[in-house]
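Each chain gets a letter, A, B, C and D, in the order it is written, and its residues are counted from 1.
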Amino acid sequence: MGELPAPSRAAEGVRETGRLEAFSDGVFAIAITLLILEIRVPHLGEDAAAGELLGALGRLWPAYLAYATSFATILIMWINHHRNFRCVRRVSHPLFILNGLLLLCITFVPFPTALLTEYLQRPAQAVAAAVYSGTFVVTAVIFNLLWHHVARSPRLLDPRVNPQFLRRTTRGYAVAPLVYLVAFGLGFLSAALSLAVCLALAVFFALPSPVSEIIDD
Amino acid sequence: MGELPAPSRAAEGVRETGRLEAFSDGVFAIAITLLILEIRVPHLGEDAAAGELLGALGRLWPAYLAYATSFATILIMWINHHRNFRCVRRVSHPLFILNGLLLLCITFVPFPTALLTEYLQRPAQAVAAAVYSGTFVVTAVIFNLLWHHVARSPRLLDPRVNPQFLRRTTRGYAVAPLVYLVAFGLGFLSAALSLAVCLALAVFFALPSPVSEIIDD
Amino acid sequence: MGELPAPSRAAEGVRETGRLEAFSDGVFAIAITLLILEIRVPHLGEDAAAGELLGALGRLWPAYLAYATSFATILIMWINHHRNFRCVRRVSHPLFILNGLLLLCITFVPFPTALLTEYLQRPAQAVAAAVYSGTFVVTAVIFNLLWHHVARSPRLLDPRVNPQFLRRTTRGYAVAPLVYLVAFGLGFLSAALSLAVCLALAVFFALPSPVSEIIDD
Amino acid sequence: MGELPAPSRAAEGVRETGRLEAFSDGVFAIAITLLILEIRVPHLGEDAAAGELLGALGRLWPAYLAYATSFATILIMWINHHRNFRCVRRVSHPLFILNGLLLLCITFVPFPTALLTEYLQRPAQAVAAAVYSGTFVVTAVIFNLLWHHVARSPRLLDPRVNPQFLRRTTRGYAVAPLVYLVAFGLGFLSAALSLAVCLALAVFFALPSPVSEIIDD
């Protein structure tokens, strides 16, 4: 007998979408900004020379790489979350739940990022890489569930959405969990390689799309 | 002689509601995202094997469970906060104060979450469980006060609100403090059991409602 | 030759106000939520009994008191920031600068809060209390400067603002820096007394106002 | 074959701009508020006298100075980000990417701030100053790229933008990376001097502009 918002009219639906998006934007913005807290200033002796500090900063490269990858991944997911909701004209109960699960994954990202930073060059790196890419496998699956829920529901989907855009997006999203699975597998060879695949996927999704029209006129 | 906003016209009231909601959304979004800072990366010896890290990550299950429960609880409270304010057409002085007390509880949640994470499997677990569920007892009581203030004030309540929705919401909210009291009591037997009741209540509130229309047409 | 936004028309001015408020709301919401990070879970021996944890939690009362006081103070300042901007119809260069200085003070609050928490019961408490109440003296002075800049500028001030509201607000705000000065002085006797005065002022500002109409009809 | 939002009509473009700005505002607000976490309460002996605490707080001046400089710099960048987007009527793919890179720099600022705080008075100060000012060199360059992309694209630029405003902004922004390069060079003499140049530039950009009209009427 739990109670959740439901749109009673198109106007109400639009208003609900706006606030769901605003709350989600807040969570994305905070998660992406908290990542920096995992890059820790190296603590050296009081009289450490410039060269020592430079060396210590250089040895932080796993932290920079994990930071950049997680930043790019959350940013691309925010951009796509955005685009998906431009296609939505009403909210539904499962949309609230699926969006909540997606935000659970997004807020979780700082933990595997910190884990990978700490273990990227150590014997236990495979476990850290598996947790990192595994988090993105789950996130990408939920992203697909959210998108399918919207794309297949005539009640939620804005009828003006460009059908070519719909098809390409559905196809593009289906690829993401598979690539993260590859990153998951590669992590057992090398955590750095696994991380590189995750970064490459984010860069790939940042490339311009051949279908630029979301809404048909 | 303190001074607080008061609506002088419907239009002003609507504007005030919007900003009260936006500030509250910000606080909810930040509190829910800060929870991850309480899951700490395990620090092992430089040469720790993969199996060791896996074991250490496994022993963090109290952290994951407390994280998921607090996340689900704050998310459900945000969704309900949202729904409640869809019924509000004007703000009042007590509404600002009650909402401020509610936000005080929400921002407090990361502390009992961290406490429960640390003591869930240790002899002092009953105290940690009592603080955790006790926080939610207080939060749920304030939620009821806020809702009753709105539901019983013809000046604040949108007259188009579906009466069946009002009745069911009032009844549903009355149950929450009682369930958290049960969780409080069970904590003296087992902190994990107490936590499970809190998680179950969040899941229950996430189920679809039979009354889906908030606003009558 | 620095460059800052300037309203060229009423419509542009309104839009600028909205975004200045939204950014400020974000800063207030984050600062108020970060306060909880200063209440640290007590670390006891692995087999600490329930009574020990209860005692350790009890000894954290300076943290709870400082948390509640800073939370209430930031909340009241946000409510008043809000109310002030309901009287503003255009932005100006000094308004941006004064608002920036106010946000600098608000984001600073977690530091004196943590300082007071740590030293409230120790010999150096007078210094911690002076920094804490001193931060609020400066904040309250900037609040007055911001309010005077708006209230005395016919270009910025909405002409519909209730003159009685203006007078009472001006008078009420003038009191705040004086009370914080008293708290500053009392800190040299007892940090807890100084903190109590700060908390009392926040509660006083939360009382309902006899002048409830901001905008005349 | 990545996919990114594209405006299909002016109305859609406006909506996209709004959400891009809201997300960016969130990131700026969080980054500016997280800076305070780098000022750490000094931990002294239980019976430390007031004078000792006062001395310890005084020795934190590098933290205060770095905090104030980073706060002022992010605030000025937010104000300018704001102003730039008042000139934008549509979004484009490169705008999303350039804005993402800018946010990457903004969220990174707490790290060089903490680094400079720790090493400002130590032998390795030149490295810390180089990382700090170097971060702002990169940020300022990206700011210029973002501005040029808008200012040179008739499709993105609002045609009503005051041409004198455009010229002065372009000129003013071109100066920033050069000044940060000077700060970078000075850091090899003294980190405090380098920091002072960064602070001075933020103050300079906060001065009122002779061209106050962004949009022509």
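By definition in this document, a contact is a pair of C-beta atoms (placed from the backbone, for glycine too) under 8 Å apart; a residue touches a chain by one contact, two chains touch by 3 or more.
No experiment lies behind these values; they were computed from the predicted model shown.
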{"item": "Equivalent interface positions on chain C and chain D, same or different at half", "value": "different"}
{"item": "Greatest separation from chain D - chain, by CA centre", "value": "B"}
{"item": "Rounded Å distance, chain B centre to chain D centre (Cα mean)", "value": "35"}
{"item": "Separation of chain A from chain B, taking each centre as the mean of its C-alpha atoms, in whole Å", "value": "25"}
{"item": "Sequence positions of chain A contacting 2 or more other chains", "value": "22, 26, 30, 34, 37"}
{"item": "Touch-based graph of the chains, sorted into line, ring, star, complete or other", "value": "ring"}
{"item": "Touching residues (chain side chain C, partner chain D) in the complex", "value": "1-6, 8-9, 12, 15, 19, 22-23, 26-27, 30-31, 34, 37, 93, 96-97, 100, 103-104, 107-108, 110-111, 114-115, 118-119, 122-128, 131"}
{"item": "In the complex, chain B residues that touch chain A", "value": "21-22, 25-26, 28-30, 32-37, 39, 41, 43-44, 46-50, 52-54, 57, 67-68, 71-72, 75-76, 78-80, 82-83, 86, 165, 168-169, 172, 204-217"}
